[in-house]
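In what comes next, chain A is part of two complexes: it sits with chain B in the first one and with chain C in the second one.
Showing the complex of A and B:
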């Protein structure tokens, strides 16, 4: 299972369709289409109920059935103080990634932010070198570091390649090969490379063959699965797969049903019990009172 | 590029052996432990088999190879689910009573692949599928980090008496096939008991509508090949690594019909410095013939091909026989070679070079 977690979404659907078809042909199994958000979040994400994200579902062109397509959002971190409203982004996108631009935002992303991936723009020159404790903090938390290899391949800037190689070798050395994910950031078909080629490229930059393969299979799988667990289950421990939706048969179980419903947590609904339409089961005293009232009314009827 | 690359790419090995065949080979029951027969059996699924021999030797065996029963290969392609292998007629006729081999689609170290050979069902699964299946398996290396298990192999011997419907172990396998491994996949199927097309068209597999393929051999003539003049007496000079690999390289280049092994090879030495090795003798120009089969090839087919080619084309004359089934003529230089390549993930390739008499050279590459 090979993953390519960063294919930039573009409105030019022909080019994107070609890119995705080529990825399928090269043997990738899961592809994430990425949409970049900078600065303040657009308003339509903040209202309730939320509007659809810019990447439509289903996609406007047909894709291979074997390929699994995810939706991803890159947040560009320019200022350490803004609130990025990540929980709301998590509702819309399968993966949320942070792209820090300087030292402070990198530190914030590594230690605090609840993102799934930290993606660095490796074609820029960073003033300070990477330090292991910061990256190590991210890796222990489960946030992986992403290396995108295709920006420098296609760019016209001569420094881009040089910066990419320098930054990539530094990152691989500092992170000791752990917690790295490889993805293309290919805007066109020409920037995509087959999985073995990416592993060989990583091996040239100093990452062993085995860890290179991990960076394309195991680590991205971890990212995708953890992101999924964050969204669909409670802290990765409890996930309701089948809620027992059989409304008709509960009448037979009578007593058992009322006892079960007496516990508020048993229904596992997200709305609190006070607001739900469920009837609270009558307490024993109330049942006695009802019975008495019923008997008295029957007595009155009999008297009449 | 940068001097920080670690040398930990795959290390492929080639095992070279020079063996003497047993004096008498019973065609119905040849040995299974001696080379080259053990080499044939060690590679169950091959996709290409090439028979390379000098022209004059090919003429002796040509008529026999064109006979349908020998030279033709039959196999089938079906779309099936794994569970369908284990039910009804298919299970009893083919797996319990018969002998088949099957291979599913998928890349060996990336997808979930299944194979069936000699009654042993082998499921190669990734971590998520293995955990959902609930079957017991062994972890296996997949090219990733060494002590983090990511791939498991589950094996079942379907011919064992405990593999019957109703038994617990078998029903666990059935549960997994029903709930987890229930995708319809493309399989390659070959019946090792019978070699006719009707058996494939009418047997229990017919209800899955197989596509039956019949493979005819393709013959191509390679003219003017510069070949080393190897005789049996010179075989002991091949024991050094470079020398045996040079012979293998020449054989494979001839197999590829490469212009570098032609007699009239002229190429700028900047582009290629290959020279045909002479092994201390001389280089003669002869024509070679390559007969190729491409399909789902079983070890039995290769073995039959080998025995027939040897019997018809490499016969030792009466006056040159020594008592043990070999030849006493030390300048014997007639040979034929068989190369078989395996499906990816199920082996590498092997080459067997048989001289007239008892000498056999085998190269097994993994």
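Showing the complex of A and C:
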């Protein structure tokens, strides 16, 4: 299972379709299409096009069954004080990632923000070296650090490549190889590389083969699953698998539907054993009592 | 053992398929074949070696080029199937691989955008060649499946059987040679990528 968690969403659907087909060809199984947001977020988040990926018509490719597509949002953190409305974003996107631009925002993202990934623009030079306590705090919380490799590959600026290599090497050293995720940030087909190529690049920069492979399989899977659990279950423990059917039939009987389906999880249809009738099966104690009562009544009858 | 050990990288060239497909060809020319287009013929083995040398020089400097240069050779190069087998010293194959990964377009004057993908790393050239054959066959099979139900399916089946018989003949020939070579290469170890 290879993951590429950062494929920028583009309005040119032909290009995007080609990119996704290429990813599928190279062997990736899960792809996340990413939207980038900067600055203050508007109050109404529903006006966007990101809802389009689930709709198959703009992206027709035959292997969509094998490829799983997720939606992701990158928040560019320029100011530490703005309200990012992360809970609302979490409702609309499968993955929410932060892109800090300086020290303070990086510290905030690592320790406080409830994001799923921290993504750093590695083609910029950072003034200070990365420190282990800060990144370690993020990793223990479950927030992974993401390295995007395609900008340096494609850019014409010679410094971009050097910065990428320097920053990537530093990150690998500071994080001791754990908690890293590799993804392309490829705007076109050219920026994408096969999983083995990425693992080899990581190995050249100091990350062993095993850890490199983890960076493409195990760590992104952790991010995706963790994000999913955050959204659909209560602290990862309780999950509503089947909440019961909507009260359409109840209307016919004239009863008020509201009370009947007030607590979804408590409804009888949510028990794993499917019952054809609406009766609860008698508990074992009750069954014993019934049996005993039956026997006694029979005994009495026999006595009479 | 004072033996020079090599690694053989099997490499595929993948194209974006942009210039080829005009809008009306969208439905008919499957993307699989677009990505695995044949390479233009002026991209010779010599140009490839020069491109790798430039890449290694740019990424790893004079040190890298010195380490890699002696053992660098292109043993197989096919523009029709967009495949190459490149020999490089065992200790520094990762450098050559990284240089290939950083390649974004074919060298001048062609300048076509390309994605280079290393498909297999092996210690013997035999396994590298087998991989090339296997890949070509798989590609034909997949193209055939992608175009299932169309008139060309018959043509593709013929192509498939042709590759099959030629691969079989090649294997027979190799088996006769193999017994001699085997003793020497018994200690060569292979590493597989993918």
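Quick note on the criterion: the second predicted complex is superposed on the first by the 224 of 304 C-alpha atoms of A that agree within 3 Å, B and C clash if a C-alpha of one lies under 4 Å from a C-alpha of the other, contacts with A are read in each partner's own complex, and residues count from 1 in each chain.
Following the convention adopted for this analysis, a residue touches a chain if its C-beta (ideal position, glycine included) is under 8 Å from a C-beta of that chain, and two chains touch if they have at least 3 such contacts.
Just so it is clear, the model here is predicted, and its values are computed rather than measured.
Look at A:25: by the touch rule set out above, it reaches chain C but stays clear of chain B.
Contact with both chain B and chain C is seen for A:204 once the two complexes are overlaid on the shared chain.
Residue contacts after overlaying the shared chain place A:193 against chain C, while chain B stays out of touching range.
Contacts of A:142 after superposition on the shared chain: neither chain B nor chain C is touched.
Applying the stated contact rule after C-alpha superposition, one finds that A:2 touches chain B and leaves chain C untouched.
In the superposition on chain A, A:87 makes contact with neither chain B nor chain C. In the superposition on chain A, the residues of chain A touched by chain B in one structure and by chain C in the other are 203-204. On the side of chain A, the complex with chain C involves touching residues 18, 21-22, 25-26, 61-62, 153-154, 161, 188-190, 192-194, 196-197, 200-201, 203-204. Chain C meets chain A in the complex at residues 14, 16-18, 31-32, 35, 94-95, 97-98, 100-102, 104, 113, 115, 117-118, 146, 193-194. Across the complex, chain B is touched by residues 1-2, 27, 29, 165, 169, 173, 203-206, 208-211, 213-214, 217-218 of chain A. For chain B in complex with chain A, the residues that touch the partner chain are 1-2, 4-6, 8-10, 107, 110-111, 126, 142-146, 148, 150.
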